[in-house]
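You will see two complexes here that share subunit A, one where it goes with subunit B and one where it goes with subunit C.
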Partner chain A sequence: MGIYVLIAYRNLVQAKRRTLLLGLALASVTMLLVMLLSWSSGISETMVRSATALSSGHVNVGGFYKSTPSDTAPLVVDVAQVRTAVEKHAKNVDYIITRQRGWARLVSDSGSIQTGIGGIDIRADRRFLEVVQLSAESEYLDDGRRQIIGNIDDLAKDNRVLLFVKQAKQLGVQVGDQLTVTIETLTGQTNSVDVTVAAVAQDVGLLSGWNIYMSETSVRKIYDLSDTAAGVIMVYLKDISEANQAMKTIGLGLEKDGYKVMEHDPNPFWAKFDTVIAEDWVGQKLDLTTWRDEVNFLTWILRAIDSVSFLLISILVVIISIGIMNAMWISVRERTNEIGTVRALGMAKNRVLTLFMTEALLLGFASTLLGATLGAILSLAIDALQLVVPSRAVQIMLMSDTLHFSVSISTVIGSTIAFTVIVGLAAIWPAYRASQLQPVTAINHVG
Partner chain B sequence: MKLTSSSLRMLSDLAFRNLFSHWQKNLIVGSIMCFGTILVVLGTALLDSIETSMSRSIISSFGGHLQLYAKDARDDLALFGGGMMGASDIGELSRFDQIRKRLEKEPGIKAVVPMGISRASMSTGNEMDRLLETLRQHVKENQPQKVEKQAVKIRAVLDLLANELERKKLLSAAPEKISAELSRVQRAQSEEFWEQLIADPETHITFLESKIAPISPDDRLIYLKYLGTDLDRFAKSFDRFEIVRGTMVPSGERGFLINQKVYDKWLKNKIARELDEIKNEMEEEGSTIAEDAKLTARVRRMSRLYRVVTYQLDPDDSDALKLKLQKFLGKEQGDINELFQSFLTVDDKNFSARYGFFYKEVAPLIKLYRVAIGEYLNTRSYTKSGYVKSVRTKVYGTFRFKGLEASDLAGQTSLVDLMTFRELYGAISDETRDEVKAIQKEIGIDDVSRSSAEDALFGESMDLEEVVETDDSEVDSDIEIKFNASLRESNESTKFTQDDIDQGLALNAAVLLENPSSLERMLKRVAEIEEEDNLGVQAVSWRKASGIVGQFIVLVRVVLYVIISITFLVALVIINNSMIMATMERVKEIGTIRAIGAQRKFVLLMFLMETMALGIVSGLIGAGIGAGIIKALGSVGLPATSKQMVFLFSGPRLFPTVEPHHLIFASVVILLVSIISTLYPALIATRVEPVVAMQAGE
Partner chain C sequence: MIHFRIIFALVLLSLIGSKEALATPLSDEQMLALLKKVDDRQRNNGDYKTIAYVQQKEKDKNDRVFQMVIYRRDEDDKLILLFLKPKSEAGKGYLRLDKNLFLYDPSTGKWDRRTERERIGGTDSRRADFDESRLAEEYTPSYIAEERLGKFSVHRMKLKARPKADVAYPIVEAWIDQATGNLLKLQQFALSGKLMRTTYYPKWKKKFSESKGAMVYFPQEIRIFDEIQKGNRTTVVLKNVDFRALDKNMFTKAWLESKSR
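Then we have the complex of A and B:
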């Protein structure tokens, strides 16, 4: 085998220019592939990170409570009991929290926004504390100080609110300012309460524009809710990839315990009102979702990026394959004499085939490996630079203000192998033709 | 060497001859070029078609060619949203009249239409209120039989209300408050209450109106995005606008026109909507209920929603429908709920028959839309400074834009007269403002902006919570009823004149041009006028005004160009590579040509001509195939596979068209690529010395 590699290597070196150009093309396409894949998984990571910190657990046990057949409230009524049951049925759990969910209008002296409210227990909400970082005052105030003002722990107090930079700018407020939160209670009354800005956090992708946070008890108070009711029980697993399975297990367990569980509907809770209101039942039903369901209105972005990448890479693969075939053809033609000679000397057909295949694979492997490595390095470099995306539309697509690439070894290895295989496939036909040459015609071939 | 026509002819003869003599290389390079051309034709034609349909949706629905808004606006104008949930602050055009008069003098400007966009929650009212109104009427007309019948209905609703309150106690932090409400309902449920009611209707009906109606739930809220405008001028200027149901709002009157798309998508009875959508998916996408898992789940879910139909049925209608359903389904058993549920369990075979039955037999018995034409809507909106403002407005009809029925952009916004808009927005008239100013001067506050005028009028620290809490006291409820009644009267009767419309504020305005291609010029012209007359406006193109939507089109275009350039970059390398190898093979030939007297320039030209010949041939073939594909797509339509694509295509299918400039652009690009990729190989070829030709054979 070693001798084949050696011969192939020599042949490649001999046809230096061709090898270089072809290798360069291969390397750059592989590099592009690795970068696109890293980009896509970077966006996916951003999405998981912000979704699971801001609006969803890995698995959510929410529910709807209907006091008449024609209304509904997104609540779990006996939250303590349900939580115990969930704890009993869920496996490989990291931790479990409960949150309140609300929808409010925030009014300041100079602006107003419509937003979701999350009622959280800041001491228990680990993921939230990990992801949400407070921002320097200068980020949201024109002549603000370059230090963090406010304290995230103040969220434990009543009527304190955490905003994100974009919201603070829109409302024109800073830490310590008063805001009015207006909501509509379950009985259709309008309640409002004055709250104080406890802290302003850095934006966490697109989702942070749609949510503010207060303590669980404050939200409960505005909504006039009893202590036993909560919006959602959020389950965090040790491994997020088990979310689907865990949701099924918990659902079955709860049903066994006598809870009514709604048929799985892969949509965020706020998209279900329309259906739940129309259904003919009263009382409580639980609704289980995974994090993916709660942000399914965003996953199309990933799908779009992946399909565009796929399209681009396929086009390039077609072109590259044609190029490789062409190069191999010419290589075979140039060396027809040589082939004739070695065949006349007694080399078997399949050895000639192996010889050419080795040459193609060697070139393919070396250049794709180089390209993949370069792609990985470039991705890491861009990620480290934290480049700011200028257009709002692009920011929405990326769910972040900055470009984020996530490189994994498996992407690099996978791309290298995939492209080497493609090169191999493209080389089969020319190599086969070379091996089929008759020694006599081959030797006599001129040119 | 001078290039004579004969040598040029020889060159082209050579080029075409070589196309065939080196067919293998040429086939490969040619197919790459051909592929590239197809790609460019498809990409640019599709993108242009998307952009054309989207620009049409924006310009001829609400956008106009240009949009005007306040020069000192804090945020950018975004007609279709800017990606934040907050209302963006685009300032006000307080003297719209001046702006319109000045601009309409300008040649090339067809119309200037005032606008303001906002969102509000609306409700058709409260069922109890409606029932009591009828009861009062029957009492007044002295029709004891009808009174009795109405009493039965009201008591049924009271039973539901009592159940509801019981369940709500579970959720509430203040169950004692709900218990108090419950005891009031229980009083109204009792036999003696109704006996007394016959004797003394006035007191008892008033009790129901003031004590029970406020705690019985309002109909579910409807959230609408609306555009306040001078409706007459709007209808005249946007010529695709047409009324579908009902009538236009009469001049000088207040009223809503609901967008037909919103009407069908959000306000139609849920069952009817589900049936429509299932039918659509079966017809448009060719899906079947049996095979498409999503559709199967949809049908299963729909069958559980039978209540939205059966709940609405009168007892008489219900019995009649029951018989018809029994016959239709061939079933003897079951009450109306069970029968209707099994009716809704549709499959591929019976779907179209049941769809027909629904619209023929069921639809006439129910309220097919949550808001009927001619009904009044209680619209609640937050004013600029955060107060809740209520207005009662009649719905006159629904509208659409001809040819844009499928577009999500043209289909998301409803229309209201400008006066109602101003009221909901919280605008106050100039007189009031002057009045406030005078008062403030007296007490020593200097400046009053429009937004703070309200604070000034009502007192800044007015707490909404207090208002809610006082709801409980008896006095307040009475006041509220009277207030509501007066509100009703005041809004129904308020007429206005064209002057009223013109004199007040607008938030933005659409400018329609005689000639769309003068857009850039008119943008500059408006800026000049602003310089001269200081009207306080800025103008932006429809694309910029569309906010995030316009940016998305630009984004898609950038993505397409990036794809094309990367593709061509790689193709360039590959073609270049093939060419070099081909040149190497032809060293002997070149040597010979050189040996018989051809100059280097001739060789260079020979190579370039060859590639250009190849480029032209493959470019033409590619352009032909590309145009063919677009033509084919143009007749069957390219289906949108996701909601986002429906949005992008302005409908469920895109019917792309190909223009000559797409083909020319693609051909030019491909020629350029072929020439660039030949330059280096051709240069190598020119360096071949005649002597090589003789050596090569050895």
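Then we have the complex of A and C:
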């Protein structure tokens, strides 16, 4: 085999210009593929990070409570018992928390917004504390100081609220300002309280624009809820990839324990109100979702990026394949006499085939490995530079204000193998034709 | 000097006392009777139809105006709010049947069940503003004071929602004209006691209803002020009130759907 590699290498060196051009094209496409995959992976990572900090656990045990057929509340009653049951059935759990969920109108002196309201226990909500970073005052206030004002721990106090930069700008408020939160209680009555801005955090992509956070107790009080009710039990697993299986296991366990569990609907809880309101039942039904279900309205972004990447790479693959085939044809044509000679000297057909295939695969492997490595280095460099995305709309789409690339070794190896195989496939036909040449015809070939 | 202060204090006390003496608080029964009167005066035993113009003013936003036709059959607690204008809203409608409120959207052809406290067309007005008055049924009154509201002498009462009453505001203060029994002003409070909305009924009209065999009173204009977001207000003008009998089968989903075909 070594001799084939040596001959293939010498042939590639001999046709230096063609090898360089083809190699460069192959390396560029592989580099592009690795970068696109790293970008998509980066967005996916950001999505998981923000979703599992702001609005979802890896698995969520939420539910709806209907006091009358025409009303519904996103609520788990007897939450302590349900939580005990979840703890019993869930496996490989990192930790479990409960949160309150609500929907509020937030009014300041200069504006108002409709927003989701999360009631959290700031001391227990580890992921929230990891992801949510307070913002410098200058980011949300003209002439603001370049220092962080406020304290996230103040969220443990009653009637304190954490906003994100975008919301603080919309409402024209800063830390210490008063806001009015208005909600509709589960019995349909209006309630309203004045709250103080405890802290303003940096935006965490699209999701942070839709949520504000208060202490669990404050949200409970506004909603006039008893201690036995909560919005959702959020389960964090040691391995997020087990979320689907964990959801099924917990669901089955809860059903066995006698709880009514809704049929799995892969949508966020707020998208289910109309369906649940239209249903004629009263009481409690639990609703289990994974983090992916809770943000499935955002996965179109990933799908769009992946689709565009696939289309782009497919076009480039076709072009590259045609280029490889063409180059191989030229190589065969140029070396027809040579083929005839080696065949006349007794080289078998399959060895001629192997010779040409080795040449193509050697070129493919070297170029794609170089391209994939360059793509990985470039992606890591861009990620390290924390390049700011200038457009607000794109920031929202990417769920981050900086470009985030996530490179994995599997992406580099996978891309290299995939493109080497594609190059090999493109070379099969010319190599086969070369191996089928009759020695006499090949030796007498003029051209 | 001390004598002067004592005399001043006595005069002040006597003034306060005389003011309190002027107020004639109503008993619980009298208040309930007054609320029933307010409700009954507006209730028509038969059917009711009116055209409503709703104008919503919001801070830093363009004004929005809707034209609706309201059909009511108070006997069966049935209600239809059918949007006529603007074009983008035409054909949309609410239908209340047996304590269930449904919204029909002709652009999707779908019906959605809504809560009884639905904000109509995204304005500050709610379903209850267009429905028959049920103050006595939904609230328990307590007397605050006899007051003057502009040129009117009024009874000011605090109304607390009865348990299980399906109302948006659990606490309401009502100013009721002593002379006519017309409701002139409502202040609606949140559960926390925060003032949310003030509603004025500046113009009342009456019309003879054959089905009732008596006059039916209705507000010609309702002005709703958002007390949380100052500057937001909704004005409702009711015109062409008609008490003639409506088609027997009109309070159905099919009838409302047919209006947008």
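Definition applied: the second predicted complex is superposed on the first by the 446 of 447 C-alpha atoms of A that agree within 3 Å, B and C clash if a C-alpha of one lies under 4 Å from a C-alpha of the other, contacts with A are read in each partner's own complex, and residues count from 1 in each chain.
Note that a residue touches a chain if its C-beta (ideal position, glycine included) is under 8 Å from a C-beta of that chain, and two chains touch if they have at least 3 such contacts.
Since the model is a prediction, treat every value here as computed from it, not as a measurement.
Q: Check subunit A with both subunit B and subunit C modelled on it and let me know: fit or clash.
A: clash
Q: Which partner does A:Asp224 reach: the first (subunit B), the second (subunit C), both, or neither?
A: both
Q: If we overlay the two complexes on their shared chain A, which of subunit B and subunit C does A:Asn191 touch? Say first, second, both or neither.
A: So A:Asn191 meets both subunit B and subunit C here.
Q: What is the contact status of A:Trp210 with respect to subunit B (first) and subunit C (second): first, second, both, or neither?
A: The first partner, subunit B, only.
Q: Let me test your reading of the model: by the given contact rule, A:Ala327 touches which partner, first (subunit B), second (subunit C), both or neither?
A: So A:Ala327 only meets subunit B here.
Q: Which chain, subunit B or subunit C, is in touch with more residues of subunit A?
A: Of subunit B and subunit C, the partner in contact with more residues of subunit A is B.
Q: May I ask you to decide whether A:Thr180 touches subunit B, subunit C, both, or neither, giving the answer as first, second, both or neither?
A: both
Q: Touching A:Ile319, do we find subunit B (first), subunit C (second), both, or neither?
A: first
Q: Answer with first, second, both or neither: which of subunit B and subunit C does A:Ile277 touch in the superposed model?
A: A:Ile277 contacts both subunit B and subunit C.
Q: Between subunit B (first) and subunit C (second), which, if any, makes contact with A:Ser70: first, second, both or neither?
A: both
Q: Intersection of subunit A residues contacting subunit B with those contacting subunit C?
A: Subunit A residues touching both partners: 69-71, 105, 107, 111-112, 180, 182, 188-193, 224, 274, 277-278.
Q: Using the touch definition from the top, list the residues of subunit B that touch subunit A in their complex.
A: Residues of subunit B touching subunit A: 24-25, 28-29, 31-32, 35, 39, 82-87, 89, 160, 163-165, 167-168, 170-175, 215, 217-218, 220, 270-271, 297, 300-301, 304-308, 311, 337, 382, 384-386, 388, 463-465, 468, 471, 548, 551-552, 554-555, 559, 563, 566-567, 569-571, 573-574, 576-578, 580-582, 584-585, 588, 642-644, 697.
Q: What residues of subunit C sit close enough to touch subunit A in their complex?
A: For subunit C paired with subunit A, touching residues are 59-60, 99-101, 112-117, 161, 166-170, 188, 190-192, 194, 196, 228-229.
Q: Applying the document's contact rule, which stretches of subunit A touch subunit C when the two form their complex?
A: Result: residues 69-71, 105, 107, 111-112, 180, 182, 184-185, 188-194, 222, 224, 274, 277-278 of subunit A touch subunit C.
Q: Hey, which residues of subunit A end up touching subunit B in the complex?
A: Listed in rising order, the residues are 17-18, 21-22, 24-25, 28-29, 32, 65-71, 73, 75, 77, 105, 107, 111-115, 166-167, 170-171, 180, 182, 186-193, 206, 209-210, 220-221, 224-229, 263, 265, 274-275, 277-280, 282-283, 300, 303-304, 308, 311-312, 315-316, 318-320, 322-323, 325-327, 329-330, 333-334, 391-397, 446-447.
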